[in-house]
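Which chain is which? They are A, B, C, D, E, F, G and H, in the order written, and residues in each are numbered from 1.
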Amino acid sequence: MTMTKEDIKYTGIKVENVAKGKADWYLFNKLCKSCYLCVAKCPVKCLHPIEEPNKDNSELGLFETPVVKPDLEKCIGCGTCQMTCPDCAIKVQRK
Amino acid sequence: MVKKLITQDTRMFLTGNEVIAYAANAAEAEFMYGYPITPQNEIMHTWCKLLPKTEAGFLQTEDEISAGFSTLGGILAGKRAFTATAGPGNVIMQDAQSMAEMMRLPFVCAVMQRGGPSTATVIYAQQETRLTCFGGNGEGFRIVYSTAGHQDLYDYMIKAFNTAWKYRFPTYMLADGYQGKMREPVTLYDPASRGISMVPTEAFLRAEGKIGVDRDATHLRNTFNLEEELMEHLDVYKEEYERISPEIEEYFEYKAEDAEVLVIAHGIVARSAVTAIDELRAKGIKAGLFRPITIRPLPVNPMRAAVKRAKQVLFTESANGQLAQMCLEKLYGLTTPYSTLFKMGVGVTGDDIVSKVEAMVKEPATV
Amino acid sequence: MARIKIALAGEGGHGVQSVAKILVEAGYEAGKQVLYIPNFGVEQRGGVSIAFCQIADEKIGEPRYSKADIVIMVSDRAIDRCSTYVDENTTVIYDSSVCTKKPEVKAKRIIPVNANEIANTNPELGARVFNIIILGVILEATKVLDVEDIKSAMEHALGKKFEAKPELRTKNHKALEVGMNLLKEAAV
Amino acid sequence: MANVLEVKPDLAQAQCAEVGASKFCPGCGHGTILKTLAQVIDELNLNERAVFGCDIGCSLLSWNYMNIDTVQTHHGRTTPVIYGVTRANPGTVGIAYMGDGGGLAIGSQHLVNASVRGENMLILLANNTNYGMTGGQMSPTTMPGQVTETTPYGRDCSITGKPAKGAEMIAAIADPEKSYVARSTMGNVRGLKKVLKAALENVANGGFSFVEVLSVCPNNWRTNNIKTLERLKEMEEFFEVKEFITPAKKEEV
Amino acid sequence: MVKKLITQDTRMFLTGNEVIAYAANAAEAEFMYGYPITPQNEIMHTWCKLLPKTEAGFLQTEDEISAGFSTLGGILAGKRAFTATAGPGNVIMQDAQSMAEMMRLPFVCAVMQRGGPSTATVIYAQQETRLTCFGGNGEGFRIVYSTAGHQDLYDYMIKAFNTAWKYRFPTYMLADGYQGKMREPVTLYDPASRGISMVPTEAFLRAEGKIGVDRDATHLRNTFNLEEELMEHLDVYKEEYERISPEIEEYFEYKAEDAEVLVIAHGIVARSAVTAIDELRAKGIKAGLFRPITIRPLPVNPMRAAVKRAKQVLFTESANGQLAQMCLEKLYGLTTPYSTLFKMGVGVTGDDIVSKVEAMVKEPATV
Amino acid sequence: MANVLEVKPDLAQAQCAEVGASKFCPGCGHGTILKTLAQVIDELNLNERAVFGCDIGCSLLSWNYMNIDTVQTHHGRTTPVIYGVTRANPGTVGIAYMGDGGGLAIGSQHLVNASVRGENMLILLANNTNYGMTGGQMSPTTMPGQVTETTPYGRDCSITGKPAKGAEMIAAIADPEKSYVARSTMGNVRGLKKVLKAALENVANGGFSFVEVLSVCPNNWRTNNIKTLERLKEMEEFFEVKEFITPAKKEEV
Amino acid sequence: MTMTKEDIKYTGIKVENVAKGKADWYLFNKLCKSCYLCVAKCPVKCLHPIEEPNKDNSELGLFETPVVKPDLEKCIGCGTCQMTCPDCAIKVQRK
Amino acid sequence: MARIKIALAGEGGHGVQSVAKILVEAGYEAGKQVLYIPNFGVEQRGGVSIAFCQIADEKIGEPRYSKADIVIMVSDRAIDRCSTYVDENTTVIYDSSVCTKKPEVKAKRIIPVNANEIANTNPELGARVFNIIILGVILEATKVLDVEDIKSAMEHALGKKFEAKPELRTKNHKALEVGMNLLKEAAV
């Protein structure tokens, strides 16, 4: 039987209350390949590769390269990064 | 469901290509994909002419590559689909046949051999024997019936579908231009009347059930990332192929029991051999025939036994020893001397064989 | 008769295959074993057309033979192409009103007939039934089939045309008869 | 910052969970195209009717990406396999997924003839202007001057001819009465989704659809994220992004 | 005229694919037609990279069908043209190869085998051995050199051009993914420095002279109207092929003189056999190697002699006995028992052979 | 009425005397097309530069028809053989002669890619709306309702799609700067000659030309002279006879 | 060596002085396949298959079927038949 | 040394093949017999990448071997994939700062090194030279090549980059040294 989406535990980053609290921003680090297309596409340029990723395995991507994280203040929660990510590594959840 | 045309034994006077179309219908084949090539065209023509009655399907594709691959599509969809080809068409269809081999798809194809290589002639040959058994970039995990006349065409075309679906190896009915174009009497029958029931087909794609609820999504592939993954699959295929071979092997012997000169031939050349053997026996020469019907897999044990008994062997083909190569591999270790009568792209007649055997008797071959 | 091997050869337009089909059909209907291979090549038209027929009482082995019992040649090119099927047991029949030469072969017998001339000159016949005259010749030469078998096979093949034009039937029957007589006369 | 997140990624039902981490290279356009396709399949509720065929090319890496019945075929042969399926089992929504090489070079006889015959299927062609899987050779769509392994000094159109325009060709030969033909780009995911939706709706209604998607191959292009998107922009200027034939236009006629 | 890059002996550390491109240039090849496929891509890449220096030509075609046929076009035009392929590409290129066979065109192709059947793997195998020797709808009137390393790649790629142009049979350099992708040292040289002069090419179309004045128009064909016309041609080809075979046959023996266990292997597997034989000899087991270099035509006489001398034979291949079938045909009549070590699509290592031979010595095979 | 005539037939230099009696069936269009081609070759004095390739199809019967260097190829493969020649030996005026099956079905990947690349050659396609050589099956160009061996009840376009239009397709993909694309008909020999002349001139100047000629197949159509010409007229109405791209138009641009 | 066109002797029919003497009309019978396309195309419908061809081998075509001949009176020597003939069997020579 | 067989395995991004190339290039320049097969599969990225190297004094026979003399594993998946090349004569080296597990194999020796950690923490180095540290480890483990040979091969491979940024050269040389020492220490 297929492992359903529910069975899988995803690790990663959560940035709460972006866009003035209107949304939460998630990154599933084992889906991220560090292509940084999201970084290039972010309309407010608030997304960046993590410079010094910690080693708790939530800031290194599939190929053990640094994942990305938005600037809490600047992120407008528009979802462009989610739409851009070829690997479904980002989710912007409106509240 | 297709409508079956033959519900009771019917004797008819048909061309071989017509027989094959009828046989496919008798086998409840539902779809033919094909591209024209002489000498198989009339299989398609007959199939098309019968469509209003059979309610089956047909697609004329843009080439044999597409004919082969769309046949695979039909099979994947769960239909008893088939195709037919010859010569250069058989050559370029090998790509699809290789995919069938790798994915264990019940591919069925009637091959009506013509002269080769290249476009050569549209007429007749046995020069696609090796190609049909072993073509492509694989190991020839295929099943090939070589027919010797219209009754065979009917019987083995029906059987090919069952063999393919039962064992999941690509299965061929290997005939030739003479058989396709010639007319002779044949008895068509409903397979059920002979106790033959058709192995049910199976939808490899879009099977019953809701994905993720009743079943997983099907993911079929033919490519592996590692050499070892590939070998694992092929080892299983090989093991299965060898295991089922004894069930599949068929052969025909004619006066082979006490034959001093054993003729080994397949397909329609074996028919000429029968004519020759009768003549030779009338002349007091103890000739006999061993005809493998499955030329892949070969009926190795009976063939070895027959060769061992004989004083001399004659391989004869309308090719340059394509069957002989396959046989000699399996006959290694024996020492019965052999001769050959190979006529590339041309029919072998009874007279040809008679003269050759007479010469062999006069001056026996040595190993 | 164990088995009789017939090779019939002419030009593309001569209706050689139609005649052969009627012949084997008649054999089949008469309950004989029959085997017929039309000669075919890449050229749709223009080449020599040969029909290889066999009629037998028992199951037929070889589909093609080295030497025929009867070879019928109705053009110069047919003579060239078909001499290979002739040996000292073969009866050779050729149309001397079409061919400009005589077959140079060693055969049991070599019989000229003038079917074409007759077809064109006999007011009851006509160029169209040239091939049926040849059929009559073959019928007489092989002697393995009944004229009625042939007529019924002709009905099978040409029935529709006969319905439309009943005089065609008469013409064809006549041609058959003429052909048979032709050989009888020639054979004397 | 909790390690295990309480939400799941937005994977469509038609997309497999296990391969959320697909086998494509970082930044590869195949991922974007396929996730969008999966969303559209969900939205049109075609999960049970769809059959997905993938070509040999990097598209083969999608052999277990979609959570719908899938068959991997040979290089260039996805089109005949899929019309083989839909001919035999009408009602199937057949999708043939391929690269520009598989579609416009080695499989072009199938592409052309399936389009002319109006086979009931979607041909979805990811145009990344090179042969990705084999390491980046020239393809029919390689841009003028583009450096590839077989045009190491840049594509010289005076020798190789100009880039092939797939959608324009299909628009010229497909039957306007039953076809949907468009070029989209992964640079505009919203637009891509609209196009894929229209294309699949047309197939579900018995029609033929062809969609070329401008895609990216950062691995063989040897581009970083910025350069990748710049090249994609250049492509969008060179290859016109538009609907060439739509069911709507059909009604106008 | 192309510019030759290697004018004096040059030791280099290259991948096999690079070596082949250099060899083609050394052989004064003027045009490459090709379609990408792993593991032969770097032949094309290297060829293309060198174009400004070599002033040769290149065309990337739409598929392998066109690569094969356009190569024939280049040859017809009188150019030393060639192509390279592998796996499924080799399968669909058989159509063009059959035309070359029929028309006796000096077709040269480097085949870099990968796993099969179907797309399978992009890596390595010896599963295109039969396909390369006998593919298509013909009789395999082809010449196939099987190489075992970079020096071979260089030597035989050069030789392939001369063989093809001298004898007018399609000629292949059969290698594999390992050889194509691996790096090892190799000495490149100018063929002239080894006394090798290139057989001049000839324009089959647009030869010198005015049509109807100096010469007839050339009319080349591959299709015949009659079976007999076809046979006449093929009989000549066969006779010529058999006549020239002794000039072409090449083989390599390693400690085969006194070998009790004779390993028969070709290509790179034969290299593993050398490693194994050294180990086995060190262990006191008299093992030896017979490696056919031309696997088509096979060096039959020396092979029979070697097998006759041995107590046991081991066939080993990265395939399911494709070479073995070809050899056993030619070994018929001998009774030396044989065993097999076949690994489909996977490399055979020295250790594999050592274990197998040890087992054979412990428990000898019987026929 | 003397038996031996004092004049000779008007055979072009580029046409062989011995095969004045060609192997084509009575009334076959291949004869008309080839004799016209031969005349044009004479007029343009291309006899030494030309290389003629014929496909498998009834076109193969022309393997010794032309008195210029000729190679018979495989079904669908004349295009790659000929561009193989012209690539290797520039200056050659390559002519690939084929039927609608060889060109638009089995050889369509070559047709399309040669057109896109602008190979320096003439692709000359005789469209007789069926597969002549194999006994008259449906081809991509078979007319709606036409009876063939594989459409014994008439071509049903709802199943097979509509007839392919070769010249229109090539016109959509060929490089207008170096291409000549036209459809002509053997029903207008003077027009055919003009078209062939323009086409060969373009090739001689380094360009790519595609000419489709509406042709007839009385043998498989089972038509007499009158019916044959009537069907040709129908074809001329269905398939537009015109120059699609001309060197002249190019200059206008 | 190719047999040149000059070497070959052609047999057939000559109709002298058609078109009011402006042309001679020739038919090379061993080239004619009796397709009768010329008949259908003749603008003045003056061309006909010979009903009762004589046997001197100049009125039977390649396949021994009747060739064609124009009506001397009606023929306008326009050359349409020559242009039409797929097999180059007709020549209309203006004088 | 008759022949030394080395298998080096890591993730796609680890630069395993670049290191292997430098190694064999150095061997070649030093006049050794060398043979190098990069592992390649259909996936351009994402799989485990393995380099099969051999360095020998005499002509090398088998291109691929069953068991290696030295196996270097720099990721968990590399451990899984490469255990098959290990037997009781093999020295296994793995990066314990990348791998979360220990190779469970029967080997001559199993040596953990923490190259990745060092690369990331030593301010003179950096993540980029991780693979060069590994190269140092191999150099020390095999002992068949001179450090100068390696340096000159590095110059060959990275020379252009070194020209542009001379500090890179220092960094890489340092990394090499660190790698060599790492093994010396671990081996104690």
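Please note the rule applied: a residue touches a chain if its C-beta (ideal position, glycine included) is under 8 Å from a C-beta of that chain, and two chains touch if they have at least 3 such contacts.
Since the structure is predicted, the reported quantities are computational estimates derived from the model, not experimental observations.
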item	value
Smallest count of steps, each to a touching chain, taking chain B to chain C	1
Where chain D and chain F overlap in contact partners, by chain label	B, E
Top chain pair, ranked by how many C-beta pairs fall in contact	B-E
Farthest chain relative to chain E (centres taken as mean CA coordinates)	G
Distance between chain centroids, defined by C-alpha means - chain A, chain F (Å)	60
Geometric centre distance via CA averages, chain H-chain F, whole Å	63
Rounded Å distance, chain B centre to chain G centre (Cα mean)	53
Rounded Å distance between chain D and chain H, as computed from the means of their C-alpha atoms	40
Multi-partner residues of chain H (at least 2 other chains)	41-43, 45-46
In chain F, residues with contacts to at least two other chains	16, 24-26, 56, 60, 67, 72, 74, 105-106, 108-109, 112-113, 133, 135, 140, 160
Residues within chain G bordering two or more other chains	2, 4, 62-63
Chain D residues within the chain E interface of the complex	56, 60, 72, 74-76, 101, 105-106, 108, 131, 133-135, 137-138, 140, 149-153, 160
Chain E - residues contacting chain B, complex	65, 87-88, 90-92, 94-95, 98-99, 101-103, 114-121, 123-125, 127-128, 130-131, 134-139, 222-231, 234-235, 238, 319-320, 322, 324-326, 328-329, 331-335, 337-338, 343-347, 367
For the chain G and chain F complex, residues of the former touching the latter	2-14, 24, 26, 28, 30-31, 33-37, 39-41, 56-58, 62-63, 82-84, 86-89, 91, 93
Complex interface listing, chain H residues touching chain B	41-43, 47
Residue ranges of chain A touching chain H (in the complex, touch as defined)	62-65
